[in-house]
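Read from first to last, the chains carry the letters A, B, C, D and E; within each, the first residue is number 1.
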Amino acid sequence: SDKETVKVNDDVNKDNPSGDLAPLKEKTKVVVAEDGAASGAGFYIANEKGYFADYNIEVEFATFANSDDMLPALASGEVDIAGGISSAAFFNAIAQGIDVKIVADKGHNVKGKSYFTFVIGADKQDEIKTYSDLKGKRIAVSGENGVDDYIFHLMLDHAGLTKDDVEFVLMPDFGTMLAAIDNGSIDAALNIEPLITTGVAKGMHVRFGDATDFAPEAQIAMVLGSPQFMNEEQDVSLRFMAAYLKGVRDYNDAFKKGEGKDEIIDIMTQYTALKDAAVWEDVNVTGLNPDGKMFIGDIRDQYELYKKNGAIRGDFKFDEAIDTDITEKAVEIIGQYE
Amino acid sequence: MSSKPKISIQDLTKVFYKKDNSVTALENISLNIEDGEFVCLVGPSGCGKTTLLRILAGLENQSSGEFTIEPGDEDRPSQSMVFQERGILPWMTVEENVAFGLEMRHLPKAIVKERTAYFLNKVGLGKFAKMYPNELSGGMKQRVSIARAFANDPEILLMDEPFGALDEQNKYILQEELLSIWSETKKTVLFITHSIDEALYLSDRVLLMSAQPGKIVAEMKIDLPRPRKLEDFRSNPEMASKFLAIWRHLQVEVQGSRL
Amino acid sequence: MRDIKDPIETEQQEWKKQQNQNRLKTWLTIFSPVCLLLVWEFLSQSGLIDARFFPPPTAIVSTFIELLTSGELFHHINISLFRIGFGFLLGVIPGILIGLCMGLYAPIRHFISPIIMALMPIPTIALLPIILIIFGIGEVSKVVTIAGSVFFPVVINTVAGVISIDSIYLDVAKNYGASRKDFFLKIALPGSLPVMLEGIQMGQAIALLTIVAAEMMGATSGIGYLIWTSYSAFLLKEMFVGLILISFFGYIFSLLLRGLQRKLVPWR
Amino acid sequence: MRDIKDPIETEQQEWKKQQNQNRLKTWLTIFSPVCLLLVWEFLSQSGLIDARFFPPPTAIVSTFIELLTSGELFHHINISLFRIGFGFLLGVIPGILIGLCMGLYAPIRHFISPIIMALMPIPTIALLPIILIIFGIGEVSKVVTIAGSVFFPVVINTVAGVISIDSIYLDVAKNYGASRKDFFLKIALPGSLPVMLEGIQMGQAIALLTIVAAEMMGATSGIGYLIWTSYSAFLLKEMFVGLILISFFGYIFSLLLRGLQRKLVPWR
Amino acid sequence: MSSKPKISIQDLTKVFYKKDNSVTALENISLNIEDGEFVCLVGPSGCGKTTLLRILAGLENQSSGEFTIEPGDEDRPSQSMVFQERGILPWMTVEENVAFGLEMRHLPKAIVKERTAYFLNKVGLGKFAKMYPNELSGGMKQRVSIARAFANDPEILLMDEPFGALDEQNKYILQEELLSIWSETKKTVLFITHSIDEALYLSDRVLLMSAQPGKIVAEMKIDLPRPRKLEDFRSNPEMASKFLAIWRHLQVEVQGSRL
């Protein structure tokens, strides 16, 4: 690639603590912005299992209420890495010269086991059986011109409905959706794990179909990198991504293959608000690609939708927003996942 | 002293009880005031003058003893009080303040209006009817207070140092006005003051109170003919000697209570 | 007579100087926001502050005009004013009534005060789900959110107002035989009005502060909605338009309330 | 003497009645929050209100004890108290200094007032990104967020306090030849203190109201963090623990400030 | 009249200018006050007495005319004012209030302490040194105010109705105290009052002012020997006639200004 101007220390040696790349000479702090979501599993596991420490990287987590709040922090270099969703905000920020990069996968739905999907009120099960039954219903979505909105649109297309056929209710908080669906203020909601499991357990709502029915390859969350971190500190970012992917692979081992599941669930209870290990067995966990690969075509579709809705201001080249070089290089170094 | 006294007080005692120290504000006050009499009560500060008035006005309960106010023949309130300067309501106009007592008795609008206007003119505030008290001088406020009490047409008037905060010239003018309204209506008045001159000038009888506990220790009839003029009163050597008598008496009381 | 003319002239000149100074003060008052905007414009244009986060005022104005001509802005303003207005009334009226009762009856005051003190520091944002559960997601919940935050300063100041009524006025009422109703209407209400109005003024400021939170739930329009959706879409110019509108209405409302105050409390 | 004993006894009995009433009032004050909690417990237990949204107080208490014994709660409380404390001071001190300057020098007042009036109605939540850009995501930004909301009531009340100083005291200072510094320290500061302290009391309430917003960005602990993360994970018991903590600290702080007030304003 | 007068005022005029109506508060006041003289200024309300005092105290500028206060030989302030009741600072203790003038002049601590204690005892407030004004009665507050002015040891004392708000008994007591301190220090005093009795009792000379615009229309020497006693003064027929002379004069002025 054309960014080879920066000299990267990428010599691999089996004797290093990590078994691959050499640790950094000086201990380096990387600040990771998180919103306490389960999709940050890769970060949490890598941190707990010492994959970052192997590279002499110290990770500091900063919790934000939602991913849009992270953009200014990323842009100003206050945080190096953020876990965010794709949204108009992200593209608008880039259009205003905030050079944030999309780096790797941080969440997609696993077929038939979506962690981000529609639910309907527990008392609405007789009324709403198919997607087209949603006609005339109130549906809560947590944001406009973001991945939520995108999935909502795909669902409408799938159901053969238009936006005017249903009532779109903007509700920025997933927790609020539980309350709203329970008291009948809304009929359906696009909610997220582990709140979906919580709500099902409390008898507030039930899962309604699965988002992979109509959006099999939706890119929900992504690892974002600050421009400084991705361009000027490639020694660090390469090692960071390698450690992250190791964490993601342990996650996949646990939830796909059942290897070391207890340890991983223990880590998850530490880092997320879902403290009950037993519930983790019922949760539809976030899909995380062990090689960090994303559905780039889908991200482009999302962008096109936001643009069509007039939510994108200003011009920029879509491809420049995506920078997977470092991730790919990390995969090269730690090898493909089987 | 042919008919019953208008106000008769027997053995009235008032104690303010507190855990550590209880204060006997009034001790065995016995007193008769005739109908139409103008009585002044003079005493050192803190001797219980206000307390006595508040008991008569029903704003405080006595600890023991009794008092009666002889009811009149009409449907009139038994008493009205003229408070010190702060006693008029700042959120009502002059007119509304004067009408206050009548309004509270829910008299017909026409009567309220007529009586209010009458007494407003009487105290020379006709032109200020629509003003609020904060636009008035201290003297004008006291006129409102007096007009309010007279307009209410009570059996007796209780006045608690109404002119205490006024400057001397205004005080003289209001004293004259008060006497002129009083001579028309011939109400029974119990008037509290610190000023010996004021007491001598206004009253038929001056009662002297002792320092705490308040007792009535002396009384003095003032037989200066009415209508009185300040000139006559000031140049009267008998009044000068009465003044000095009261002054000596009070001085003993005040010094005694100061330690 | 020639002797008197001199001092009047002296004082006239003094007075003119004074007038000029007053005019200067008025100018300062108008000039200062303009000055702030100019500094902002300069810093933003020259790159001394980050124009991506602080777009220059001229850019904000042009966005404002865009939104205005599209008619969108009117819609936002209308609905927010409606919510603020109703929420304000719904907070102020019970605040006054409960405050008067608390002020007049000590047992009620002692019973309710601790509850009010306990509820007051709870942030509106934490009450949103509870409000939603009780009132749903319609207009009612927005109005109630605003009412809830307006209520506290009004009730507290009304109680303070009643308690601060000079006891001599209570004596006057008693001496002149005021009935319970007359006492309430002619003494307690007007007597507590000045302090109560300060609480209402504060309530107005808080109503504006709360509009963003109130319009975060199930809203599809309103100034608060404009602010936070613009913010979450990273459309900072639109966000600043919203913020400046809030500033502007804050100014207008406090002028209106000060006018009302002058009408309601003519005796001050 | 037998005559006097009687009235004292009468008054003693009156006084005892009064004492009993006062005791009743104290009891009411303690009883009312307990009563509220009992009603809540009953409604929640009996299912009259939804226990999933309003868990019974006993359940909240047991969650509270859990969090306490795990040591987690102490950490949250510590860090939040630190932020509130520093934020409070950082809002109060400039508030007082700027307020005094504005109160004493009319041109400064006329220049700054409109800016303060314009900035005041801007909700904290909208200022968060700006604060973040300027102060980063560390402790400073949280402290500044709180300081920012505390500043306004303090500065406004300080100005009001200075202006409300009776002009006769200014005359006294002038007549006795007070220097500028003496005037500042012996007249302006103590004279404005009573009204200023009311602003500080309000600032304290606002500091607590703001802690949730302040801990929404880049925090990993604190009572506000506990509240909103619990809420977004729908762990309502934990959320209520946070809310009750805030209520509790609101109560404690206002007691402390009232104590301070008694110390600082002994002449009232 | 051997030496220069302590205060000399020539053709002093004060106009309050407003756009619509300007008020001439003082018109061509000319006046000399000798060193050590006690002069009382009596006049109807609103005639400009306070205005004159404020000009002498440097709190207001005259519109035209001049005044001079003859400097003494030491490093003493030229004047101190005794304000009405509200003039003591509520946030300072009695002691701090009395020391205020001395503190402002940054005198050595020891001197401040000594003089404060001396004058506190002089006015009988030694025991109340640590109290705040709100715990004091009106009379005690005025004592603080007087002690503060005397402790400052100015060339002249300007007193604006210091006893106006007090009850008569306290007033008499404080008048006596004032005279006793004054006779020790022999300061030049310009004292404003509404009370004719007070003016006659206290002063060497009474100046009478006319209603607006304020002019000095008469003066009266009071040659009653000192130390004076209220008794002597009240029983003195000459004083009674002087009282009435002033009273008549003021009545004309007051009535005239009331319309």
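Keep in mind that, in the parts below, a contact is a pair of C-beta atoms (placed from the backbone, for glycine too) under 8 Å apart; a residue touches a chain by one contact, two chains touch by 3 or more.
In UniProt terms the chains read B, E = ABC transporter ATP-binding protein; C, D = ABC transporter permease.
Keep in mind that this is a model prediction, so the values were computed, not measured.
K.L.:
Which chains sit in contact with both members of the pair chain A and chain E?
P.N.:
C, D
K.L.:
Could you find the two chains linked by the most C-beta contact pairs?
P.N.:
Pair with the most C-beta pairs in contact: C-D.
K.L.:
Since chain C (ABC transporter permease) and chain D (ABC transporter permease) are copies that touch, is their contact same (over half of the numbers shared) or different (under half)?
P.N.:
Mostly the same residues.
K.L.:
Please name the chain that ends up farthest from chain B once chain centres are defined by their CA atoms averaged.
P.N.:
Farthest from chain B by mean C-alpha position: A.
K.L.:
I'd like the Å distance between the centres of chain A and chain B, where a centre is the mean of that chain's Cα atoms.
P.N.:
85
K.L.:
Please tell me the distance, in whole Å, between the geometric centres of chain C (ABC transporter permease) and chain E computed from their C-alpha atoms.
P.N.:
Each chain's C-alpha centroid was found; their separation is 48 Å.
K.L.:
Once you find the CA centre of chain B and the CA centre of chain E, what distance in Å lies between them?
P.N.:
32
K.L.:
Could you grab the centroid distance between chain C (ABC transporter permease) and chain D (ABC transporter permease)? Build each centroid from C-alpha atoms only and quote it in angstrom.
P.N.:
Using C-alpha averages as centres, the distance is 20 Å.
K.L.:
Residues of chain D (ABC transporter permease) that touch two or more other chains: which are they?
P.N.:
If we look for residues of chain D (ABC transporter permease) contacting two or more partner chains, we find 50, 53, 129, 133, 228, 231.
K.L.:
What residues in chain B touch two or more of the other chains?
P.N.:
none
K.L.:
Would you mind listing the residues of chain A that make contact with two or more other chains?
P.N.:
Expected reply: 72, 75, 173, 175, 179, 182.
K.L.:
I'd like to see which chains touch which, written out pair by pair.
P.N.:
The complete list of chain pairs in contact reads A-C, A-D, B-C, B-D, B-E, C-D, C-E, D-E.
K.L.:
What residues of chain D (ABC transporter permease) sit close enough to touch chain B in their complex?
P.N.:
Within the complex, chain D (ABC transporter permease) touches chain B at residues 3-4, 6-8, 10-12, 14-15.
K.L.:
Using the touch definition up top, name the residues of chain B that touch chain E in the complex.
P.N.:
Touching chain E from chain B are residues 44-45, 137, 164-165, 167-170, 172-173, 194-197, 230-231, 234-235, 237, 240-241, 243-244, 247-248, 250-251, 254.
K.L.:
Which residues of chain D (ABC transporter permease) touch chain A in the complex?
P.N.:
Counting only chain D (ABC transporter permease), the residues touching chain A are 50, 52-53, 128-129, 132-133, 136-137, 216-220, 225, 228-235.
K.L.:
Which stretch or stretches of chain B touch chain D (ABC transporter permease) in the complex?
P.N.:
Spelled out, the residues of chain B in touch with chain D (ABC transporter permease) are 11, 13-19, 22, 24, 27-28, 61-65.
K.L.:
What residues on chain D (ABC transporter permease) touch chain C (ABC transporter permease), complex-wise?
P.N.:
That would be residues 24-26, 28-33, 36, 50, 53-54, 106-107, 110-115, 117-126, 129-130, 133, 205, 208-213, 227-228, 231, 239, 242-243, 246-247, 249-251, 254 of chain D (ABC transporter permease).
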